[in-house]
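Sending over a structure as C-alpha cells; questions will come in a sec.
Chain nomenclature is as follows: A, B and C, assigned in order of appearance, with residue numbering initiated at 1 for each chain independently.
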Amino acid sequence: MIERKTNWPLTIFLLIVSAPILIMYVWLFVDSISEINTDSIWPTEFTLRNWRFLVEEIPGHGSVWTALFNTTVFASSVVAIVVILSSTAGYALSRLKFPYRAQFLGMVLLLHSFPSVTLIISIFLMLRMIGLFDTLIGVILVKASLELPFGIWIMKGFYDTVPWEIEMAGVQDGASRFQVWYKLVLPQIMPGIAALSIFSFMAGWSEFVLPLILAPSAEMKLMSVYLAGLVNDDYLSDFGLFKAVGLFYIIPVMIFYFFTQDKLMNIYGGGTKG
Amino acid sequence: MERIRSYLPLWFMLPASVAVALFFLIPVFMTFVFSFTTMSSDTGILGSRYVVSDDTIRTLKGSGMDAALLEKLGSRIFTFDEAGLAALRKSNLKPAVVKEIAEKLSGKVYTSEKKLFNALKRLNNRPRSFKDRKSVSRSIVQTLKNREFKTAEEFRAGLASIGVEVAEDVFENLLDAANMSWKWTTSNYSELMASDFTGKILANTAFYVFFTLFFNVGFALLLALATFYMPSGQSKFFRAVWLIPRVSPSVIYIMLWRWLSFDNGFMSYVLGFFGVEPENWLNEYPWTFVIFANGFVGASMGMIIFASAVVAIPSDVLHAAEVDGAYKWQQIRRIILPLMAWPILFITTYQTLSLMTSFEYILLLTDGGPGFFTTEVWALNAYHTALSNYFGNLRYGFGATLAVMLVGVGIAMSLLYLRLFDFKKLVAEPQIEN
Amino acid sequence: MSFKRLTMAAVAAGLFALPTAQAAEIEIEVWAPADKNERYRFEAITLAGNVLNEELKIEGSDTRVVVKKGTSFSGSQGWAQLKQGFSLAVEAGKGPHIIVGGHEDIPVWGSAGLIHPIEDYTDLEAWPFSDLFPSLWPIMSWNGQVWGAPQDAESRPFFAWNPHLKAIGYSDADIAALPDKVKSGQYTLQNVLEDAKKIQDKGLVEKGYGFYPRATKGGDYWQFYAVQKGGDMYDPKSGKLILDKGALLGYYQFFNDAVYKYGVTKKNHIGMEWDQWYNEVANGKAGLWHGGTWHYARYTRREGLTDFFDKVMFSLIPSGGSGGKATTLTHPLTYLISKRAKGEEIELAARLITIASEPRLNTLHAIASAHLGITKAQTKVSQYADDRWTAEATALLQSAFALPNSTDFGQYDTLVWKGLTAAWSGGVSPQDAVNTVVKEMQATMADKVIIR
C-alpha cells in the first residue's frame, strides 16, 4: 500500500494556499454569532440574535423553513429527472445501436458551449407554448433539461466501463435487453448515479434566476430568493442576519456531501475516460 | 420479438431528447433567429401591434409625409351621428341620459374630449361619473390615435373608419411607422463590428478563460495529488474545504471576497501592520480578484475528478514503483501523470467551455468594471444587454447576437477538443445487436 | 345524531355557505418593489380596497374587490428581475393587475403594449390628482399620454456635516444661509471641492473623505451632469436624447479633480459597502456628500443620528459653475395598470390607485419610508406636517428634474456611466473619456441621440 503519513511541509503548504477560503468562512461563522462592528474586523460580543430566523419569521420575508422545504423539493425533482433521463439516454449512447448515434453524442458536448441564460427568452416562448409558463413544474423541467447534457455525458462514461461480458451473459440467459439494463447493468453504475445526483442536487439547490423569471407569480419561495430578498432589503440591511442565513443555506449541502463523498470519489469510474 | 427490441433505443433516447430539444436545442435555434431582429422589451416578444401615436406622427413628419394626412391621422373627433348614437344606446349608460343626448346633441361635433365633457356637463341627466363620460366619449369618438391594431388588415380598416384612403405605397409607409413590434435586421451584427469595445471584451474573455483555467486545473491537480499522499483525515478535510466555495450561494461567496479585499477588510487590516495604507484592493487589482474568486470555485470540480482518478490507479502499479525505490515525485511524474492524461484533457475541455459562458461571479464582484469594460467578459456583456438593465429596456435581439457569436467560438473549440478526445473511439460500435 | 356529526355538518354548512354569501369577487393582484419600510406600496392599495368595497356597497353594486399581494422584490438586482418577470408574465396573459414601476418603465412598457394609460380610466382633473405637484405630471407622461399615477416622490440632496463647516470658519448664520446660496448659484461645485479640501487639511476627516459620493452606480450621478451649463438630457421636440459634450466634460472633470487634483474623494470609492457608507456619513467621518431624502430614515434610526438637524445641512446639488443651475434628481415610482387587467378590472384598479393616492393614505408611505408626498394637501396632513424632515425636504421638489422617459435611456445611461468610472478610477483623462463615449454613441446610437 501507499504510505500515507503526515508530511508537514506539504500540509503547511496546503494550509497556506487554502487560507483565503479558511479565513473567509471562519469569519463568516464568527460574524454570524457576534455583534457586527463596521469599524473593525474583530467581533465584539457573542450573540445568537442573527440566528433568530430559525425560530421567528423575519418581517416581510416569511419563514426560512418553508423556503428550505421548497428548495429541497425543487432540487430533488431536478435530481430525479436528470438521473432518470441521463441514465436511459447514456445507456443508449453507450451500448445501443441506432442511427445518428455519433451525431447525438457530439451534440451533447456542443450544447455545453451555450450560455444558458441568454436562452431565457426562447425558453419563455417554449414554456408558454406548452402552457407551463409561471408554473414550478415548468421551471423544474427547464432546469433539468439544462443539466442534461452534462448528465448524459457523465453517464455514458460510466456505462462504457461496464464489461460487455455482463450483458452478454444476461442476453444468453434469455433476458431482454431492457431486463439486462435494469437488473444487471444499472447496479454496476450506482456510483455514477450517486455522483450525478450530488452534482445536480447542488445545481438545483443554488438556482436563482430561472424561478424568478419563468415563474414570477408562483407562491413557492426558494432559499436563493429568500437570501437575495434579505440582501436587497436596504432598510433591514442586517449583515449579521444575512451571514447566518447564508451559512444555514450552505450547511445542508455540506452535510449531504459528507455522507456521499466516498461515492463522489468514484466518479472516475467513468465519465472521463477517453 | 426482434422487432420490438429494435425500438428500445428509441424509448431510451426519447425522454431525454424531447427535454433537450424543447428547452435547449429549439431555444438555441430560436436565439439564432432572434439575433436578426430588433427585439427588445419595448417591442415585446409576441404578436404584432400597430399604433399611431405622437411619436409615429413625429417620425412621419420627419420623412416628409403629407401634412393634411398627418393632421387627420392625429385628430380625435367626437360626433353624435347615427352610428355614434347607436353605439351609445348599446353602452351601459342610463336610458334617460342617452335619450337626452339624442334629443339635444344630435348632429353636434366636438374636436376635443374636453369640449365634449363641457357640453355633457350642461345636460339635466348628465353622466355623473368619469366612467360614464368616458363611456360616451368612447362610443362616439372617431380617431386612429393611440388605438391598437393587431394586423395590417385591421389597421387598414381603422384608416377607413376615419375616412382615410391612401395609395398602397403610402399605406406601407404608414404601416411601417405604426409598427410597434420587432423587425428583421442585420444591424445587430454591424453594431457589434462598429463598437470599439468588441475587441476589448474579446481580449478580456480570452485573458479570463486562460488564466482562470490555468489556476483551476493547476490547483485541482495539486490538491488531488497532495491529498492522495495524506492521511485520510487530512485529505478529507482539505477536499471539504475546497468544496465549500462551490456549494456556497454566489452572493455569500462574493460578499466574503469583498470583505477580504475592501479598505476596511481583512487584507487592509493585515497589511496595516506592515505600514501599508488601507486600500480597496478589489478596485486596484480587479483581474486578480476575478481570477482568484473564479479559480477557487472551479478547482473543486477538477479536484474531485482527479482525486478519484488517482484512487482508481491500481495500487500494485504504484507499489511496484515504490519497491524500485522511486521517490514520490518520480512516482507522480512517471506513473500518475501519464495515466491522468484523459481526465486532465476532459477537465480542461469542460472548464474552457464553462468559463466561456460563465459570468455570475464577475457580475457580483466587479460587474465588469471599473471603467470602460475593464473586467467585462463576453457572456457578462450578453447578460447585461439581454437580461439586466437597471433602466428597463432589455435588448433581446442584440443579446442573442452576442450569444450566437459565443456559441460559434464554443462550437469551434468543442470540435477541436472532440478531435483530441479521439471521438471515433468514444462512439465505438456496440458489441451486441439490439 | 352524535355531537361529532353535528359539528361536522355545521362546519360543512359553513364552508359551503361562505362562497355564496358574497357576490362577484374580483381579485386585483399587486406587485411592488417593497421591503419592510416600503410596505405601504402594497398596503395603501389594500387599505384602498376596504374603502372601495364600502363605496361599491353604497352604489348598490354586487362587486367586491380582493387585493392580492404578489411578488415583492427590492434592491437594484431584485428590482431588475421583478421588471423582467413582469414583462414576460404580462405577455403571457399573467402577472399582476397593478405594478409599481419606476417612471422610466413607462416608455418601455407603454411601447410594448403592457400597460393601460391611466388617463383613460380616472379623472386626473378631479381630487386627489387635481392637487398633485404639477412637476410630477410630465414625469408620468410619455408619447402624449399620462400612463401612471405617482406613488411617491423623493429628491437627492447635497449634505454637509455642520461641525466640520464650523471648524473651517462657517458661522451658524452662514450655514443657515448655505441652502439659499446653493440655490442661487453662489455656492458651486468648485466651492465644494475647496471646502472639502479645507476640512481634510484640518484633519477633521481622513484623506478621501472630504467629498464622499454615493457608494454605487445610480441615477444620482446624472445630477452632476444636469448642474453643468447645457446639461440637458432630452429634447422634447424631436423626442431624442441629448448628450452635451461640454456638460459631460464638466461632469467627468469634477470627479476627476476631486480624486486627483484635490484628493478629497477616494479613487476606488465606487462599489463600496452601503453599511460602511451609511455608518461613516452619519457619524461625521465625511465632510460633504450627497444622498437621498430616504437616507434620513437610515441616519436617524439605524445609525442613531438623533440630532440630524443640528449636525447636517442639506440643499440642492450646487451648480457646476457659470451657466449651470443647482438642482436635484427626483425619481418617483408609479402605479401602473397592466394589460392583465381586462374590462371591469381596469376600472377597479384605477379606482384603487385613485383612493390610494389620497393624501392621508399616501402619507403613510411617505412617513414610513422617509419619501416625499405627491400632493400639496399632504403638506397639511398632520402626520406629514409634524415630521420636520418631510416638511422641509418637500421644498427641494420645486427645483427637481427627472430622468427622461425614453426607450433608449438604458443604453445611453450605461455608456455615460462607464465614462465616469474611467475618468474616476480607470486612469483615463476626462477629455479622453468624453471622446470615447461620444465615439461609441455615434457608432451605436447615432439616430437616437443628439450629440452637441
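Following the convention adopted for this analysis, contacts are C-beta pairs under 8 Å (C-beta built on N, C-alpha and C of every residue); 3 or more make two chains touch, one makes a residue touch a chain.
None of the values given here were measured: they were computed from a predicted structure.
Mind naming the chain pair that shares the most C-beta pairs in contact?
A-B
Just to be sure I understand: the centre of a chain is the mean of its C-alpha atoms, right? Then which chain's centre is nearest the mean of all of them?
Closest chain centre to the overall C-alpha centroid: B.
Using Cα averages as centroids, what's the distance between chain A and chain C in whole Å?
Their C-alpha centroids are separated by 38 Å.
How far is the middle of chain B from the middle of chain C, if each middle is the mean of its Cα atoms, in Å?
26
Can you give the whole-Å distance between the Cα centres of chain A and chain B?
One centre to the other, that is 22 Å.
Residues of chain A that touch two or more other chains: which are they?
38, 124, 128, 228, 231
Can you list the chain B residues in contact with two or more other chains?
45-46, 264, 387
Please set out, as single numbers or ranges, the residues of chain C touching at least two other chains.
76-77, 79, 84, 88, 91, 276, in rising order.
Within their complex, state which residues of chain B touch chain A.
5, 8-13, 15-17, 19-20, 22-28, 30-31, 34, 39, 45-46, 219, 222-223, 226, 228-232, 234, 236, 238-252, 255-257, 259-260, 264-266, 269, 292, 296, 304-305, 307-309, 311-312, 315, 318-319, 322, 342-343, 345-347, 350, 353-354, 356-357, 359, 379, 382-383, 386-387, 396, 399-400, 402-403, 406-407, 409-411, 413-414, 417-418, 421-423, 425-427, 429-434
Any idea which chain C residues touch chain A in the complex?
29, 34-39, 70-79, 81-82, 84-86, 88-89, 91-92, 94-96, 274-276, 278-279, 297-298, 302, 369
Which part of chain B faces chain C closely enough to touch in the complex?
For this pair, the touching residues of chain B are 40-46, 49, 51, 53-55, 58, 130-131, 134, 146, 148, 180, 191, 194-197, 258, 262-264, 279-280, 282-284, 366-367, 369-374, 384, 387-395.
Would you tell me which residues of chain C are touching chain B in their complex?
76-77, 79-80, 83-84, 87-88, 91, 102, 104-105, 107-109, 111-114, 117, 120-123, 126, 143-145, 217, 238-239, 266-273, 276, 347, 403, 407-411, 413-414, 418-419, 421-422, 424-428, 436, 439-440, 443-444
Quick one: which bits of chain A touch chain C in the complex? Just the residue numbers, please.
Result: residues 38, 59-60, 124, 128, 133-134, 209, 212-214, 216-217, 228-229, 231-237, 239 of chain A touch chain C.
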